[in-house]
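Only one structure is covered here, and it is reproduced in the block below.
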Amino acid sequence: MNLVRRRALVPPSLRTASAVALSAIVAVSVLCTGVAHAAGPTVTGTGSSFAALEIEQWKSDVANEYDIAINYQAGGSTQGRLSYLNGTVDFGASDIEYQSDEQNLINASSRKDFVYVPITAGPVALMFNLTGPGGRISNLDLTRSDACRIFTEPEIKWNDASIQATNPGVALPDRKIRPVVRNDGSGTSFVFSEYCINVAGDVWNAFKTYVANNDPDQNSIPLREGKPVSTWPQGIGSATGATAATGVAQTVQLSPDTITYNDAATAITTFIDGAPSPVASVENAAGAYIKPVPAAATIALGYAEARANGTFALRYDGADPGAYFPSTYSYVIAQTSGFDPAKGKVLGTFLNYAVTAGQRNVEELSYSRLSTVLVNLALDKVQQIPGAPARPTDLAGAPPPPDVLAGTIAAKGAAGAAGAAGGIAGAAGAAGGAAGGAAGAVLTPEQAKAAAAAAEVLAAQAQAASEAEAADQSAADEILAVQTNGPGGREVIFTLLQGALLVGLGVFLSKGVRTSWQKK
Amino acid sequence: MALTSPDLQALEEQVPRDIARTVTRGDRIFRTLCASAAAVSLFIIGGTALFLAIKAVPALQKAGLLSFFTTSVWNPTVGDFGVLGLLIGTIIIATVSLIVAVPLAIGLALFINEYSPARIRRVLTSSVDLLAAMPSIIFGMWGFFALQAPLVGVASWLNLHLSAIPFFRLSEPDAPLLRSSFIVGTVVALMIVPIITSVSRDVMAQCPRSQCEAALALGGSRWGMIKEVLLPFGKAGITGAVLLGFGRALGETIAVALIIAFTIEANPYVLEQGGGSIASLIAIKFPEAQDLEISALIAAGLALFSMTLLVNLGARAIVRRTQIAA
Amino acid sequence: MRLFAEPRLQLEVDVDMSLLDERPLDETPVPEAPEQEPIEEQVPFRPRALVRSERVELLLAVASGVTGSAVMCLLFDWTQPLTFAIWALLLFLGSTYLLARDSQSPIVATDRLITTLVWTSGGIAVSVLLWMLGYVVVKGIAGLNFEYLTSDLSKVGPLDDGGGVFHAIVGTLEQMLIASVLSIPIAILTAVYLHEIRGRLAGIVRFVIDAMSGLPSIVAGLFIYTVWVLQGRGPSGLAAGLALAILMIPTVTRTAEEMLKTIDDGLRESALALGAPQWRSVMQVVLPTARSGLITASILGVARAVGETAPVLLTAFGSSSINWSPFNGPQADLPLYIYQLLRQPNPAQIARAWSGALVLVLLVLILFVLARVIGERGARVRGGSR
Amino acid sequence: MTTVQSPQTAETPAANRQVVSSEILPEELHPSSRIDATDVTCWFGKRKVLERCTLSMEPGEVTALIGPSGCGKSTFLRSLNRMHELVPVAAIAGTIELDGVDIYSEEMSPTEVRSRIGMVFQKPNPFPAMSIADNVLAGLSLSGMSNEDPKALVEQCLRRAGLWAEVSDRLNEGGMSLSGGQQQRLCIARALAVHPDVLLMDEPCSALDPISTRVIEQTIRELCEEITIVIVTHNMQQAQRVSDKCAFFLVESIGDPGRIVEAGPTTQVFENPSDPRTYDYVTGQFG
């Protein structure tokens, strides 16, 4: 037996393979440990698809400016509220506060200490895809009742007498309206149903009766009680469902005769036939037909009433002729105790940016700017997050609360809910309106001049602010500093790895080809 | 040692002796290792099934087993849910896909095995296998963007010419045809074609050439040979392959979720927008699911799993039987 | 006892197996007949080629199909091109049958009809494959460049250009690694247990594996989501890897068992006859002989898992920035990346999704070619004609 | 063995013939037909396996093709009823005439040729999914014929194949339940059911035991009165026993195609071969 020299029977190719595998693992682990991408941990959030585009924009801004990573996946406000509670994400985003039937979930959760940070506001647009006998229709006026009938009346047609009466110059087709609604839990659905309950109660009651008669099973309790619904009843009439604001927008984009409700940002970034999707002008309490533009939403939200927890009860009956209803706020739900301070630092930095400097460009995406009142409110809330950075002093030129006409209810008081003086900044408020191109606002030349002057002042302030920010940021960087190789190093290593992989693959393949060739 | 059983009295009759099986330590370790690996798979996999069953109980209790399978609602917040519509929707989609896929797959298998020129046969076989490995999301997105428009054409053709068949009717003349069960079914069909093809091709290839030649030598045409020899030979295997494809079609998630306009209730108008399947229900509803709804989703998953389980076991049994016979 | 085995044994094995090359006559890969004239002026005649009368009939059938369908479309004012195509196909098939029936016999006609049908379905299937791959390539190639491959989406706003897929590739590779490390050893050992040891559990294990090989992938995802993600651990690459491992175990086990079945029993017996204990015969004869088959099985398992979207959707959550650590925090993954971008109506995002799809297709293609090359080499070693 | 040379055979019913009638093969030429192969050359791809083989197979005779393995006997045989072309890369030159009509001409469909010229293979291959009776009748449905009295046809064919007595009581059992020799005779019966004019047999007994072989040889002798038979065999004694005429195939050196070295009456080939190589082969000097 001893005469036979024995060696482990590992075939050479297996040895090569294990060597390659080993070196790959080593390379990957070197990359993992040596190259960190962002300073600090990635903070993950989910929820509101209404605010998603803006959050995506801020996420990219802070990644560029502060080198912090925010990961946001839009999935609907309900998902935002619930995922926050079950701990799968660091923060949630929702257009509405927790509902009464969710209270037991809050009680059961370990994350019941949280604040609502208002981050954005904007109009709920009715985007549609419609071609009439005279070609594509891009202007459509809807009365409040018609806007709701479209989504609740099963057999309504585009050339419905009432719709046609509102749009005398438009040749509407004799086809069924195919509303597209959200099939996931959505703050936008909630706001829109709340709007209908408030402005077209008879339509909503007819809807309730219809639902109860035609589909008793679907009759969810909130709907039965006349409360707004996050999950729009499914399978009623000719409505189809789709997931998230992007989902309904995509459905409208692809299907003719459709209309949906979603955030104006998604609506205007969805292209139909090469042009941004048309959106309907909706009648307000004053009887004016208003496009869903930021300034109009600002005015509409001026009627909202603050609640104790920092959210707002929306009102849909403001008397201002420039207001666009339905409009809504969106909030981030952030944990205040028990939160990892490192993550709190990142989240705080992000939110501070979002409500101050981040607000400068929101109108490009059809969101409205938050007023000083709301920005201050938000910054206060951010301070409650563990590890949050210092409160920025500069508000990046946030406009004062809008000066709105008194509505059926004491609307002005609502606007100044936090107790700030509502009346002082008429000119600046109008400036915001002018910048947004508010359809309904009528400005005198003096007001416009004043607005321009105010804007200049604001711009100067903004410059100062950004300098201050830069200082802030360097400080933040110091605290958050983790060795980063920078993109250069990472790319080099990656390229090398990629090259090695390709070479390895090539060698392997050529070996295979050669052996098979030799065989022949 | 010889064992004498009491029944065997006759001395002449020999009794088999016991063979002492000594197992070396190495073998024992080896066997234990393999057995524990098997046990781990068993545990993981059996555990999954068991866990799903246990987790589904609260939902089924709340909704009632009967009502869970006989209603089409999804209001988990009030404990009211049922998957009847989705079960029907799942079956509709899978059936549509089978109707489209089976002729195509068997035709393709025959083409590869019997008709194609020899030099492209290997290429075809590889392509089919590659297609079988193609991710479903690729099929889904391609179906969504490239295939919908032509399929709407097919749908309107079917409706135009065959509306005598209830299957091809529309609820109203200008109903939207995008995102329908028919389109989803067709996309899923293209996904299961490679699976059915590659299994039935394997089975057909096992048919002894001598018998095929005998059929030809008797004056049979190629189709005669296929009909009389090849298909009877491969019948069980092909059935198994079709069932495998059916199982896959039942469980397909992403392509369905991506394309279909999701509804909880069954949509009997196959060509028309709207429909649903259990898998897409889970994909759409899980993010906002809590407690009872999770349990309800698991119950729905369990229902889907049982359905695919039955189909798959049937398929395996049939395929295995043919393999043994061959 | 022996710690090492003789290399000779394996050599013998290889030789043995290569003798078993037995292919059906029909599949002998003989090169094509040349058109050159053989000596003595005899011209080879290929009886299978279409004869002239058949060609004429084919042309006639095509012509009658097209014209008939055109006439119908004109008469009934059908404008859909598909209506025309479908009718043309039906008329073509009908006239093929009738022409052959007229000139030959019903048997020949049926045969020709079926031949046409089979060619049609083969053509449809092949063109669908080419169409799909071509579509993905055409749509995806535009966005595929170095920047796309090496950057993530963290610094890209909703309307910006740029951004890439790097984070998703990293996520995919890490999740695949985790899933493979977890599932492949278990799966192969289980296959050995099923086919080599045939222990008491074999029946039930095989049953369960069979049953679970049809497990809808979303159910596997739901399982991990419930027992892992919701239990305070949160979404992570590891969770995705676990879900994919659950899906891979049955696939790999089944394929591996099939591979072990192709090994001739004589091999095992000859190893045992040399005095090797079972574990040696398995580890040093059976497994090395089946090695390439097992690698193929594993790669095919990976190729299937790499394209799974549904389980990852529930477990990895997705991310727009790179997350190197699969154990901590949400991670992206190629199918998920595609899925999430696809659902946005924004053309830039959809273009990114197509490029991601192209990357994914390439990844699957590489895995597939690897499996093929290794598998073929193994088939040569074993001398099988699989 | 009860081999019944039955009276039924005599009335080989023209009534039963449902073969597509054609002018090429008029009825009066039956019961036997002749095959004339002229300058047949066969290729598999580039490889030429058979070269310029000329052989006439006369009506009512048994022609045996003999020669060592790989010399192209089977290829020649398969080219006689167009089975050769089933291999995708196969090509052929020369003419093969059945009663003066070239079977490779454009007007002839292979299926018709094959139903005229039946074939029995080396290994018995009854269709496993069919019963014994169905196996016999398989050719009818395959080649599109019909028969008014299938039962009678089954009996007649089984009798002619010498199998009736053994299986008459279990016609509905599976074809695979028979022994090897019985299976081969079942295959012969199956081939007879379509009323071929010529029957090709490719080493029909090589997989069988001597007793089955004898029965089949007897069957062959009986059948040759009405059907022209061509048989490939490795067994010299068998060739001597059953054949009237013999053709000796040979590959002269490796890589060459096979050629017919000598053909003629069996007695002459075996007892007085004109070619020394034939002599060597039939006397067992090589091969």
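By written order: A, B, C and D. Residues from 1 in each chain.
The rule is short, and it goes like this: a contact is a pair of C-beta atoms (placed from the backbone, for glycine too) under 8 Å apart; a residue touches a chain by one contact, two chains touch by 3 or more.
Bear in mind the structure is a predicted one, so any value in this text is a computation, not a measurement.
S.K.: Could you tell me between which two chains the number of C-beta pairs in contact is largest?
M.R.: B-C
S.K.: Provide the C-alpha centroid distance between chain A and chain D, rounded to the nearest whole angstrom.
M.R.: Those two chain centres are 82 Å apart.
S.K.: Averaged over CA atoms, how far is the centre of chain B from the centre of chain C? Could you give it in whole Å?
M.R.: 16
S.K.: Suppose each chain is reduced to the average of its Cα coordinates; what separation in Å results between chain C and chain D?
M.R.: 45
S.K.: How big is the gap, in whole Å, between where the Cα atoms of chain B centre and where those of chain D centre?
M.R.: Once rounded, the distance between the two centres reads 47 Å.
S.K.: In chain A, what residues contact two or more other chains?
M.R.: In chain A, residues 46, 86, 243 touch at least two other chains, as defined above.
S.K.: What parts of chain B, by residue number, touch at least two of the other chains?
M.R.: Correct list: 118, 221, 224.
S.K.: Can you list every residue of chain D that touches 2 or more other chains, as numbers and ranges?
M.R.: 86, 88-89, 110-111, 143-144, in rising order.
S.K.: Can you give me every chain pair that touches, using the contact definition above?
M.R.: A-B, A-C, B-C, B-D, C-D
S.K.: Touching chain B in the complex: which residues of chain C?
M.R.: 1, 24-27, 29, 32, 78, 80-83, 86, 107-108, 110-111, 114-115, 117-122, 124-126, 128-129, 131-132, 135-136, 139, 185-187, 189-190, 192-194, 196-197, 199, 201-202, 204-205, 208-220, 222-223, 225-227, 230, 246, 249-250, 253, 277-280, 282-283, 300, 303-304, 306-310, 313-314, 335, 338-339, 342-343, 353-354, 357, 360-361, 364-365, 367-368, 372
S.K.: Which chain A residues qualify as touching chain B in the complex?
M.R.: Against chain B, the touching part of chain A is residues 46, 75-76, 78-79, 82-83, 85-86, 101, 105, 175-176, 178, 183-185, 217-218, 220-221, 234-235, 240-243, 251, 254-257.
S.K.: Taking the touch rule as given, give the residues of chain B at its contact with chain A in the complex, in rising order.
M.R.: 71-75, 77-78, 80, 82, 148, 172, 174, 176, 178-179, 261-265, 273-274, 284-285, 287-291
S.K.: Which chain B residues qualify as touching chain C in the complex?
M.R.: Residue positions touching the partner: 24, 26-27, 29-31, 33-35, 37-42, 44-46, 48-49, 51-52, 55, 103-104, 107-108, 110-112, 114-116, 118-119, 124, 126-131, 133-139, 141-142, 144-146, 150, 153-154, 156-157, 160, 190, 193, 197, 209, 221-224, 226, 244, 247-248, 250-254, 257-258, 279, 282-283, 286, 294, 297-298, 301-302, 304-305, 308-309, 311-313, 316.
S.K.: Which part of chain D faces chain C closely enough to touch in the complex?
M.R.: Checking each residue of chain D against chain C gives 20, 39, 41, 43-48, 52, 82, 84-94, 104, 106, 109-111, 143-144.
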